[in-house]
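Inspection log for the structure reproduced underneath, given as structure tokens.
Per-chain numbering from 1; labels A, B, C and D assigned in written order.
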């Protein structure tokens, strides 16, 4: 008997220890009322509560930035996901820049630009821009960059638009497009339009692409672990305020935030919505946020059974309760989304009528499509792990109430991307960050690109998009885009769910981060004032 | 002895070929390929085709494999689809971290298991014996990523004694090593206990006592050296578990090791990197297993004699002698 | 008898040892007493399971506990009361004043240590020699037991059974103890090797004047090497006396039975007379005399009362009730040399 | 000096110890091991829960029914183990999850058992080139650490309950091959195998009816321990996002999903973690107990 008691005792003691050390003392869970629907008050789409630097402050020399994605390439034209864009923005210069405050284009290394017919654009370069290896940036480098673009992995969309880049002289060049595109200047603000150094790259393809002309230089890196940047002291613009900046890959979200709290890192990207309350409540930490333009949407395969039937698509549109997704999955940290346009995207129609959650109406559409209690409609929903899987589970439960059986099929990122691009899926949950220029929505609603997960192909929409992109007159262009959004809504091509708010948890006194809704944040001028 | 070592190394070649074949073909079954990960969302179908061509993914599987193997034989493990960096460089960058972590967790595991095993063998049958066995089993019964998180919460956050992640300095090694180490304790403690129980019964201990040797020395010198033999065999088999544990622990503690490299590469269908890394780890483990066998011979003279006299061919007899009591 | 006499090397009084297992208790040794003078050799004779080895182990306090328990008795070795000695003192005596050779050479040597190191260990402990001195002396010991010095560096598995037993002897006699216990040293060896090992023990005994307890079930060995003989049966000493008294004037029926079950070289045709039945179960010893069930002279009394060892003449003692009757004698078969 | 427990020679006086069959002897020894008994009772309870969970738990409402109103509630009278992020009762999910976790462990081991034991037996019995080939294949499989092999298999075949079992099963085959081969090699030389061969039995009959029954003890021990480690592997794979698809309440998946909430709602990881720990501990205790009971040398 004694041995039996010893066994039970040991188990209880161990369980107690586990419970003890993991139950937290900060916020007592029981008081936390389930749904924290805090509307993001002042943190709306401002660039975070910026503490503007006043005079000579003692800036923290070395800043460590913990992020959830790993950096695996130097070449700005080889990669385009968020984590790489942080590094590209800091190390390279793009011809133009976009001011999030004024929503206006601004000169960067290009001082003036002009076009008559939106086909040929002419640009003037600054003459005091130098690469990190000391060579001066000239039009030859620009031509080299954009001639190389078509056969790279990420800059190919830009490269395919350009027919020819002509060098006039060292500091003047012209770009001629295959067809008129009003959005070119906007495209030249994206990291994929970064200018790389011709000599360095021709000499050593792998290392050479790391030479930029931006305020920061690449110091050392270990792919999949960290990338250390050091200040470029002879930068043509405003010098960086810190000396070194290290981007560190920390996959486990909760561990990343803990490193911030223990002071091992200074900035933590994308903390878990669950922990936002804690960060706000912890002194020494600050929460900076921005309303992103990355739309999470429910796409239905337009090309094959069962979702070629419009009734079923509309049944889904009214059967899914987007607000509940916002409250449960995003814990309120998201904005409702009306259509497949970013809220700051050219041509966004704030007035499009949203799909109100209306189970009865959904049931009517289901009946119209020939489904009922006796003959229930069921389909497979492809999702990837994490947030989208949580949304999937919730949608599964919601649609159950209107008699629809959803089977969740889980993929890893590569698997999901392939099966949805090849159209093997019936429906899927996907996301896409919308840029500022109007034509960006083309990749979602017109055939030909990997993001059109509904394989939506409506000649009327295609025609309107082509007209708009070539239309110089703003009012007409906006009209076209509004019309497209209305057609999409009536046809039920997609069910847009929400714009997720983005968050950075930072050490107190952090500032200078220029937040972009498309999450290409510019951290060149980041600083931390030592408290 | 050298004939035996040579034979084991030669035997390694077919195993490595087999492993590369196995991983390469299984990985190809996975839906999607590196281009689906690399290509940005707005890449058109032509872009994707072009990228596939660049990486040679459009060729049939067999040709790709043969091409890969012909490079491999010449020592070139190819480049990662993702970063273009040679597989060998990335592996070499990460290998020391996992090696360090593996060694540290072995130290933790052996450091905890040996005393616990001896302690429970000496008190065979009492409740102390049971409690220590349960403690050892606990290590095996707790999913180690959960343990890792709890340790981090307690020691890094609440007490602030240790860093919560990263691979800078000795302090950041402690928590991951404990997480992996405890996982391996169970088998090691059990083996120590049963081999000590066997040895304690042996006559030569009685001879030692009859010689007037003190009890402490009888256990520590005479008994332990004999008991070490099955323990070393088990440590050999446990090494596989280290990398298994590392895969999880490295992502929890942001430890830039090979385990995480393989998981990340797997998710991004980076076949050369995955195959290369697995081949290297397999080669590393086989060499370490061979070292364990040699160490085994070093400790047990009966085996050493067997190597010297017997022609290499008899190696599986000797395997038979190592009780496979894993 | 119980006065401390300086030439008494070993004094055992009323020694009782039980093995207490979960379901039963094995009464291995029951109230035995004997003593041994310097240079004298006593033979402990009996079948397997008679408690010979347990007795030997008890002398060195090596009986494994649990399950072994020394119920009663006093053991004095060279003036030291073994049972009450503190552990350090006990350890300083083991191997120095009293040492033991074990039965099975195959398992009694540590397989992972060199032979010479195993001998040198006791020298280092008891003679306080340095490593090299002990190493040298150990090699000398090897030579004295007939093994060439060059083989000192080899391991036990490289030696034959006989050679291993010689190493065992070298270990036991390294510190030239006053009392040597040899627990069936030759049983595990074949006959030719047996003779060599016995001669070796005899030479070393005579040279150093060591007293020896020779444990065996082989009466031939007893005849050759022992001065005294004690016959054990089921944990009791049933007959004890000088070699001549026990061999030529056998009193106890069991001892007689032992002699009768030996083939007689001179009279090949004579029929063997084995003792009927088997050793009693030590967990369930019969009431009276343990040998009663198998004894042809057994009376009702034998079955109920426990016989005491009583002196019959000179140093000859026997534990048999029948000798209360003055004229009792057992019919004795022809003896052999 | 052997304590003669085996044969009794004075039948009339000593009480006859009843001759137990081999398995009764094992059971007798196992009963004495308190730890194994505790383990066995836990395992029996778990099996009972697994079999009858459908009876007292309705899958749709109790197990996957979402009601966001009661989201993230700590343990209370209404929800003994609290609710998860969708308001589902964790206690019900853990009870129901027993079926998934146990079946993953058991089926995976059965797969490993079938493949491993047959290969091991053939290798051990046949010897010569077949043994060499089989053992080389086993080396290939076992030189790749289990976790990595399971990862690759699941990533390749896609995520489903069966693929998970297959992956974990395949990775445990080498251990079974080695254990069986070692046992067969020792048994092969026994006389009764010679006798079986002498009377002209065909090879596979000899292997399966004569040799294998005598190699059962190491295999049984290995089976129980493998079930335990299979459950752990399943939870590790769930952690890496390759586990059983939602919303099935497999413990590993619940633990991995709960790790986000580990600081504010620690109960969400505590209970699945404890469930895994107790089950695996129980299986290991039984495995250990069996090992001692079946191991002739380790007499108490």
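Operating definition for what follows: contacts are C-beta pairs under 8 Å (C-beta built on N, C-alpha and C of every residue); 3 or more make two chains touch, one makes a residue touch a chain.
Predicted, not measured: the structure shown is a model, and the values here were computed from it.
Asks: Which chain lies at the heart of the structure, taking centres as C-alpha averages?
Replies: Centroid comparison flags B as closest.
Asks: Computing the C-alpha centre of each chain, which chain sits at the greatest distance from subunit D?
Replies: Max centre-to-centre separation from subunit D belongs to C.
Asks: So using the touch definition from the top, which pair is joined by more C-beta contacts, B-D or A-D?
Replies: Top pair by contacting C-beta pairs is B-D.
Asks: Using CA atom averages as chain centres, what separation in Å is found between subunit B and subunit D?
Replies: Chain centroid spacing, subunit B to subunit D, equals 22 Å.
Asks: Just curious, how far off is subunit D from subunit A if you go by their C-alpha centres, in Å?
Replies: 45
Asks: How big is the gap, in whole Å, between where the Cα atoms of subunit C centre and where those of subunit D centre?
Replies: Roughly 52 Å separates the two chain centres.
Asks: Please list all residues of subunit D that touch 2 or more other chains.
Replies: Within subunit D, the residues that touch at least two other chains are 34-35, 155, 158, 259, 262-263, 269, 273, 278, 281, 300.
Asks: Where in subunit A do residues touch two or more other chains at once?
Replies: 3, 7, 11, 18, 22, 254, 411-412, 415
Asks: Specify, in ascending order, the residues of subunit B that touch 2 or more different other chains.
Replies: 30-31, 130, 134, 138, 149-150, 153, 251, 267, in rising order.
Asks: For a test of understanding, state which residues of subunit D touch subunit B in their complex under the given definition.
Replies: 34-35, 135-137, 139-148, 151-153, 155-158, 175, 178-179, 182, 185, 228-229, 232, 235-236, 239-240, 252, 255-256, 259, 262-263, 269, 273, 276-278, 280-281, 284-285, 288, 297-298, 300
Asks: So in the complex, which bits of subunit B are touching subunit C?
Replies: Contact set of subunit B toward subunit C: 202-204, 206-215, 222, 225-226, 299-302, 305.
Asks: Would you pull the subunit A residues touching subunit B in the complex into a rising list?
Replies: 2-3, 6-7, 10-11, 14, 18, 21-22, 70, 72-73, 78-81, 151, 153-154, 156-157, 160, 206, 222-226, 248-252, 254-256, 258-259, 261-262, 264, 411-419, 421, 432, 443, 448-451
Asks: Quick one: in the complex, what on subunit B touches subunit D?
Replies: 11, 14-15, 18-19, 22-23, 26-31, 125, 130, 133-134, 137-138, 140-146, 149-150, 153, 186, 190, 194, 197-198, 240-245, 247-248, 251, 262-263, 266-267, 274, 278, 281-282, 285-286, 316, 320, 323-324, 326
Asks: Could you pull out which subunit D residues touch subunit A in their complex?
Replies: Touch residues, subunit D against subunit A: 34-35, 37-38, 60, 64-66, 68-74, 85-86, 155, 158-159, 241-242, 245-247, 259-267, 269-270, 273-274, 278, 281.
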